[in-house]
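My structure is below; once you've seen it, I'll send some questions.
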Amino acid sequence: MSFKKVVVFPAKLENLAAIDALIKSTAELAGLDARSIYAIRVATEEACSNIIRHAYQGIEDGTIECGCYSNMDSFTLVFRDSGHVFDLTGVPSPDLDSCLEDRKAGGLGVYFIKQLMDEVSFEHIPGTGNVLTLVKYLTPDSEKSST
Amino acid sequence: MSFKKVVVFPAKLENLAAIDALIKSTAELAGLDARSIYAIRVATEEACSNIIRHAYQGIEDGTIECGCYSNMDSFTLVFRDSGHVFDLTGVPSPDLDSCLEDRKAGGLGVYFIKQLMDEVSFEHIPGTGNVLTLVKYLTPDSEKSST
Amino acid sequence: MEYIVEKLKHCDLLSISGRIDSQSAPELSEALDKIMESGQHKIVLDMSEIEFISSAGLRILINAQKKCKQQLVAGELVLAAVPERVHEALDMAGFLPLFTIEDELTHAVGNI
Amino acid sequence: MEYIVEKLKHCDLLSISGRIDSQSAPELSEALDKIMESGQHKIVLDMSEIEFISSAGLRILINAQKKCKQQLVAGELVLAAVPERVHEALDMAGFLPLFTIEDELTHAVGNI
């Protein structure tokens, strides 16, 4: 099965649940296994909340375009925004070994996205905006559990 | 529906569960409501454990004959033993109001039987033994829940 | 009757299941005695899985409650998750004022 | 996200359910702050009904754990009844060594 679905949301935290509902139902339709679906949902929350909180910081009325593309081999998410330019692929991993006092509370979102997805790429198209592409491969297992 | 069922058990504590199973299935068959069935089961345990522990105290190889008699109006239990003669109908109620330190641990069994059953009578038939008869009336409610 | 003891920081949690009659009541008694002999007199009794209890079982409870409360540092036997029929038996025995009865196991363990 | 706080003798039991994302995480933060402001720094978090949690939720947990442990009489935020997906997120974040995690709510409340 191969399909695509694209929806534009106002860049507001209160839309995170609606974005999640879209991604979840689309990933289920694509036949992903429960584990992959949950991974994609977390990655989506992290990506979209960063766009809302950081990319559109100080900017009103921003939008996020959420695109889901499914084919035999993979499930691809494309998030487009027109906020500040930021290439998250360059963000270094957080220190996950320090003791409680030294542990940073934040800085986990980008790390989660990279851990949970198989491909993460960023592109800035001048005049258009930021394009974040996240890919999850369909494993034989996830294909099996799709039947 | 009207029926009877009579079974003889060796008077041993390890047979209490088997006696309970008999009484329970018979009371269910008679169409009693769950509350009445539980009441009858408790009364049976109290009566039979008293026969085993007290009536046959110092006596080996005693038996308890358990009779269940069901008709339209009531469910009757008759327990027969050939142990020491004891008319439990004469046992006074325990003091249920004293403080923890003064509270007696025992002496609740006979009280429970009297509370839970609608009629309690004792007869000693010389040469035959003790006959304890417990009756539970079938309420309109319990008849309804029997369908 | 079957039982499990879980030793927690604030109490021992004794979970009993099945049938407690004159035959099995001594097992309940031993389980409680073992806990008290270990020095723990704060005991939560999870009664949720009791299918049947007669006065022989109640007798054990009142004896254990007496021992727990007699300690220099008073303990307590708290009854938790009491099924309806068991509650009725406790009521009929006049035991309700003598025990703390908690609906939720977590409350029993958290409040003892 | 929905939550209930139950004040027990040994701790406050905070049960949260639903979705904890960047939108709802502040509610979790407030719930924890209110408990700590009341002077209680022993907190059991019942996570059994969490359907979804993102790093925004984890951030709240680590901040609360820091505050609890910094007290003169050290408290603790104990995580209880953690669903598998939430456990995986805690693992990915490297949080497992920083929290006591209890499978059973009664153990969490009884051991804190």
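The first chain written gets the first letter, and so on, giving A, B, C and D; residue counts start at 1 in each chain.
In the analysis below, a residue touches a chain if its C-beta (ideal position, glycine included) is under 8 Å from a C-beta of that chain, and two chains touch if they have at least 3 such contacts.
As the structure is a prediction and not an experimental result, all values here were calculated from the model.
Colleague: Could you split the other chains into touching-connected groups, assuming chain B is not there?
Modeller: Groups after removing chain B from the contact graph: one piece.
Colleague: If I average the CA coordinates per chain, which chain comes out farthest from chain D?
Modeller: So the farthest one, by centre of C-alpha atoms, is B.
Colleague: Once you find the CA centre of chain B and the CA centre of chain C, what distance in Å lies between them?
Modeller: Centres of chain B and chain C (C-alpha means) sit 26 Å apart.
Colleague: Compute the distance, rounded to whole Å, between the mean C-alpha positions of chain C and chain D.
Modeller: Chain centroid spacing, chain C to chain D, equals 30 Å.
Colleague: Please tell me the distance, in whole Å, between the geometric centres of chain B and chain D computed from their C-alpha atoms.
Modeller: That gives a centre separation of 52 Å.
Colleague: Nearest whole angstrom, what separates the Cα centre of chain A from the Cα centre of chain B?
Modeller: One centre to the other, that is 70 Å.
Colleague: Mark out which residues of chain D touch at least two other chains, giving numbers and ranges.
Modeller: Touching at least two other chains: none.
Colleague: Every pair of chains that touch: which are they?
Modeller: Chain pairs that touch: A-D, B-C, C-D.
Colleague: Taking the complex as given, what residues does chain C use to touch chain D?
Modeller: Spelled out, the residues of chain C in touch with chain D are 6, 8-11, 13, 44, 105-107, 109-112.
Colleague: Sort out for me which residues of chain A touch chain D in the complex.
Modeller: 13-14, 16-17, 20, 38, 41-42, 45-46, 49, 52-53, 96-97, 100-101, 103, 105-106, 108-109, 111-112, 115-116
Colleague: In the complex, go through chain C and note every residue touching chain B.
Modeller: 19, 21-23, 52, 54-56, 58-59, 62-63, 65-66, 69, 85, 89, 92-94, 98
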